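The structures considered in this document are given below.
First subunit A sits with subunit B, and in the next complex the same chain sits with subunit C.
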Partner chain A sequence: MDSSGLGVRRAVGFVAPALVLIGIFLVFPALWTLYIGITNYQLTGPAAANPQVVGLDNLVEAVRDPLFTNSLWLTALFVLFSAVIGQNVLGFLLAWLLRSVSPWLRRTTEGLVLLSWILPSTVVAFLWFAVLSRDTGTLGLLLGQPETSWLVQYPMTSLIIFNIWRGTAFSMLLYTSALAAVPPSQLETARLVGASGWQTVRDVVFPHIRGHVLTNTLLISLWTANDFTPFLLTSGGPNHQSEVLPVLIYRQALEGGQLGYASAMSMLLLLGNLAIALVYLRLLRRRA
Partner chain B sequence: MAGITVEDLSTVYPNGVRAVDALDLEIADGELFALLGPSGCGKTTLLRTIAGLEGATDGAVAIGDRDVTRLQPGERRVAMVFQDYALFPHMTVSENIAYPLRVRGVAKSVQQETAVRTAEGLSLGALLDRRPGQLSGGQQQRAALARAVAASAEVLLLDEPLSNLDARLRLEARTFLKRLQRELALTTVFVTHDQAEALALADRIAVMDAGRIRQLGTPREVFQRPADTFVANFIGSTPMNLVPRGSQIIGVRPEYLSPAAEGLFTGVVSIVENLGVTSLVTLDCGEDQIGYVVPEDDEPAIGTTVTVDAPPARVLRYDKETGQLVR
Partner chain C sequence: MSPLWIVRRIGFYVLITVVLAFFAVPMLWLASAPFDAKPGLGLRWPDWTLRNVVATFEHPYTLTSLVNSLVLCVIATVVTTVLAALAAYALSRVRIPGRDLLLYLLLLLSSVVTGTAAMVPIFVMMLQLGLINSQFGTALVIAGGMLPAAIFILKDFMDAVPRSYEESARVFGASPRQVLAHVVLPVARPGVATIFVWAFVNAWGNFLLPFLLLRDVGQQPAAVLLRTLYDEGGSANLTVIPVFSLLYSIPVVVLYLFVSKRYGFRFHGGIKS
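Now for the complex of A and B:
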């Protein structure tokens, strides 16, 4: 197999720089995390100077740790309600409804939705503080309840709504292009036989975009499971009520100094992601 | 069963194009009607406006005695077959045919029964469990027709029904379509840019240009006496000879011209084109080129001088200014 006629040595020469970069910045840190996950490595103290290998102790401890199981449950809720349901459904609805409105309204809406996606997390988190905070928050003032501190009283709900707001743009864009691939004559055939909007989506649109739905759900699930922006809004509080896994791992590692233990947890998060990906790939293959 | 009445109908697109322009048309119950014209003449828009897929800007559409102008497509009781057939690729032929019934919530057993019966009628009986991707072009077309028939609509609309088939299949499908329409006696309107297709299939033809009807008549009327030079040019597989003479334009079909001792045109044979059973001969007559058709093995030699004439009834005269038929 040498279709370009370069010869193996020169071909390797061409890809080597990229491989070196990937090795340094991706493969090495990943393997390093795996390694320190089986040690008692800490940020400070004797275990920072001389970490000991403790085998699978960290993993066992994590699975038994109520903080970890709480966090796992919160992450599952976060992914399910903000990504799989929230972003997916809202993104599809926007894409579906925007097809039939006038171009200026479509472009304006798309622009606004995209804006929430392209702004940096820190800026966005700051904006949401302004909306949700106590006493002076915009939402509280609008509802006439300035004493409500949304991020403290309803931390998970706030995070879920925030993440829907933040991530819907991607689903909308993906579904907009997917819908463009549905032949108009098939949609019109459905209209002519009197199919309702729901029947049209179920019988005509969905079978065409099934692959897109699965791909989109996979991507937004993984992004949401790994999302660190919740830390900027609630820092996992109050009292661990919004401590999704990336936040827990960060706090364990850098606030608690338990680098080994946190690495073991991120390995578990990685395994979870892998499981999600495998399920989706299986579904995709069944379609083909 | 119902006829279609179109009254003072205009369809204007958001970009300002008047695709259908103050058009009146009456299509009789059970008629097989052709909308014929070059691309961009508004024929497809007219069909889609009848279906309700485009909104009428002005005027009215009635099916039978129901004014459907403001009704949704699904409430008009029309069925339509699209140029690409628009079969649902993920459903079997049987599911496709039964789809109109499924939408209405008809019982599964009735759906199945209707699918089988309709498919039998269109010789699709053996293909009920196939998917559209496993069918030939002609079979796909019949499946789409079957779905339209199963909708038990009052009006059948066909958008370029034969254009996606190859030449041989097209003839077969044309005969099939005409027979099916006769059997169902269903008011049918089809759109085509192919004049031969319109002449062969239709009971009546409307020749359209720029959103208006140029001529409305039976295939014979439209072929023999085109109402103006536009129609004269458009109809006929060999173009009509249109020769200016004074304030008029003389129009004669190449098929009606034959060599004579003296006659309308005299010229030198410049080109002979073989059409199979006949040949098309082109004469250079000064500035004009005259075509006429001769039987096979009767072609004149290139360079010879020939005089051609036509029966007086076949010679048409058009006004040079307006292009309208004078006599």
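Now for the complex of A and C:
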């Protein structure tokens, strides 16, 4: 018998309800994606009532589809510049700089960064829509270019900057706790020998937080690749110029009605997620 | 204090100011536009008025959608917290056969199967079950998505509750249910509160699932209505949107202040997915 006196049977009873929900709403949809992805299932029309198995045709079609390759490329740019570079660097910079400022400045900055992370996505999307809109948008007024419609003329750049603003909090929190583990004596030694800030980060701090950098990069990349907020800002437009993978899947499935084809693309997204998650779990295990 | 030192200090504060402005400027609009007699998209000092507030409350769907958000969010949050607490407790205390594999799969699931990657099958499944426009169904889908991470985080908290407490309670004849309710849950309260807040904030802000599954405007939560308000009819309704955005954001801000005051905003593994 275990310390709680539950016994195996009752313990299974405790776990079961959660597993049933996870099974129905998470595992089953994931597996079903694989099946729908090899059919010509559609939202309306003859293929809606009687979908046919078409095998790997959807995947072959996707690889040849310029909209899909365009979307993969945009997703890669989005992940690379907004997460891997943007959130990582700004998050570390904030964690590093905020160590040595007065408590109130530190609290204010952290509070603002966290707020931009936890506010509902439709609200922040509208806030940025307002900042970036033409004629009266705040950015246009600040830069003296009120005629520029930023979301139309620079859609991907806008999304990347928006996502840096939106997601930096996680990296900041992670690096703040990672930096607390760097031995102060080593930082002190670096200061005494006159190392510059950059040299200290490179030679003293980085070796201690290498694992955290990798963990952080994997997680924020995965979340950014799956983020649906770009839909709220640009809906993929203008003319597919900001159509990252989640937006393309939505538009193919719900606006175009091509459920089978969209599922095949979801399957590729799931496989990408799986690859990142497996690397991540391997890292966790090695550390544990 | 060499000149170089002064230059570096100035550079340091300029950098901090730029970063602060970057984060603050988009949010300032949320404080000014709701109370401006002529709200625009740009940031400006408002002509103070409360007329927008009145107009927002008179809008036919704003209050309904906030109530819908609350219903959706409370169901999803309570289901997640209760089921995750039960599962985490059992997994923490009993070596169920296959437990380690199960935990590994849960951790994997929590990050791999996102709403975006599974939106097509979830939509098709709910369509075939006739659960489109069902708030309860949508809440369960949201809960299902949050459960793996919730179980995982809570199990860490449960592992930290000393087993000797339960053993002494059992010596005095407490049943397993009494042990859970009167010993374990009170000790693990910070963990349960963490999950509750985390689940609430996630469910409150969730846009994609209600957008997919709730097609009737009378059932839609604030997240979807706000999108409709600024997407429909070409020009955004600037009397209603600012106040409505503010009202919709308040619960999240209040919870954030509560958490940072009570527990400090610390790190619990993957606290937001």
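Simple rule for what comes next: the second predicted complex is superposed on the first by the 262 of 288 C-alpha atoms of A that agree within 3 Å, B and C clash if a C-alpha of one lies under 4 Å from a C-alpha of the other, contacts with A are read in each partner's own complex, and residues count from 1 in each chain.
Operating definition for what follows: a contact is a pair of C-beta atoms (placed from the backbone, for glycine too) under 8 Å apart; a residue touches a chain by one contact, two chains touch by 3 or more.
For clarity, every value in this text was computed on a predicted model and none was experimentally measured.
Asks: Fit or clash for subunit B plus subunit C once both are placed on subunit A?
Replies: In the arrangement built by aligning on subunit A, the partners subunit C and subunit B fit side by side.
Asks: So in the superposed three-chain picture, is A:Gly211 touching just subunit B, just subunit C, both, or none of them (first/second/both/neither)?
Replies: Neither partner.
Asks: Between subunit B (first) and subunit C (second), which does A:Pro29 come into contact with in this model arrangement: first, second, both, or neither?
Replies: second
Asks: Where does A:Ser177 make contact in the superposed view: on subunit B (first), on subunit C (second), on both, or on neither?
Replies: In the superposition, A:Ser177 touches subunit C alone.
Asks: Determine, for the superposed model, which of the two partners subunit B and subunit C contacts more residues of subunit A.
Replies: C
Asks: Regarding the shared-chain residue A:Leu192, is it in contact with subunit B (first), subunit C (second), both, or neither?
Replies: Touch status of A:Leu192: first partner only.
Asks: Contact-wise, after the overlay, does A:Val12 reach subunit B, subunit C, both or neither (first, second, both, neither)?
Replies: second
Asks: Of the two partner chains, subunit B (first) and subunit C (second), which one does A:Asp203 touch, if any: first, second, both, or neither?
Replies: first
Asks: Between subunit B (first) and subunit C (second), which does A:Pro46 come into contact with in this model arrangement: first, second, both, or neither?
Replies: So A:Pro46 meets neither subunit B nor subunit C here.
Asks: Minimum C-alpha distance between subunit B and subunit C after superposition, to be given in whole Å.
Replies: Comparing every C-alpha of subunit B with every C-alpha of subunit C, the smallest gap is 6 Å.
Asks: In the complex of these two chains, what residues of subunit A are touching subunit B?
Replies: These residues of subunit A touch subunit B: 183, 185-186, 188-196, 199, 203-204, 207-208.
Asks: Sort out for me which residues of subunit A touch subunit C in the complex.
Replies: 2-8, 10-12, 14-15, 17-19, 21-22, 24-30, 32-33, 36, 41, 90, 93-94, 97, 101, 105, 108-131, 133, 135-138, 140-141, 165, 170, 173-174, 177, 219, 222-223, 226-229, 232, 246, 249-250, 253-254, 259, 262-263, 266, 269-270, 273-274, 276-278, 280-281
Asks: Once bound in the complex, which stretches of subunit B touch subunit A?
Replies: Listed in rising order, the residues of subunit B that touch subunit A are 51-53, 72-75, 78-80, 82-86, 88-91, 99-100, 102-104, 147, 151.
Asks: Any idea which subunit C residues touch subunit A in the complex?
Replies: 12, 15-16, 19-20, 22-27, 29-30, 33, 40-43, 79, 83-84, 86-87, 89-91, 93-97, 102, 104, 106-109, 111-125, 140-141, 143-145, 147-148, 151, 163, 166-167, 170, 175-176, 179-180, 184, 201, 204-205, 207-208, 212, 222-224, 226-227, 230, 236, 241, 245, 248-249, 252-253, 256, 260, 265-267, 270, 272-273
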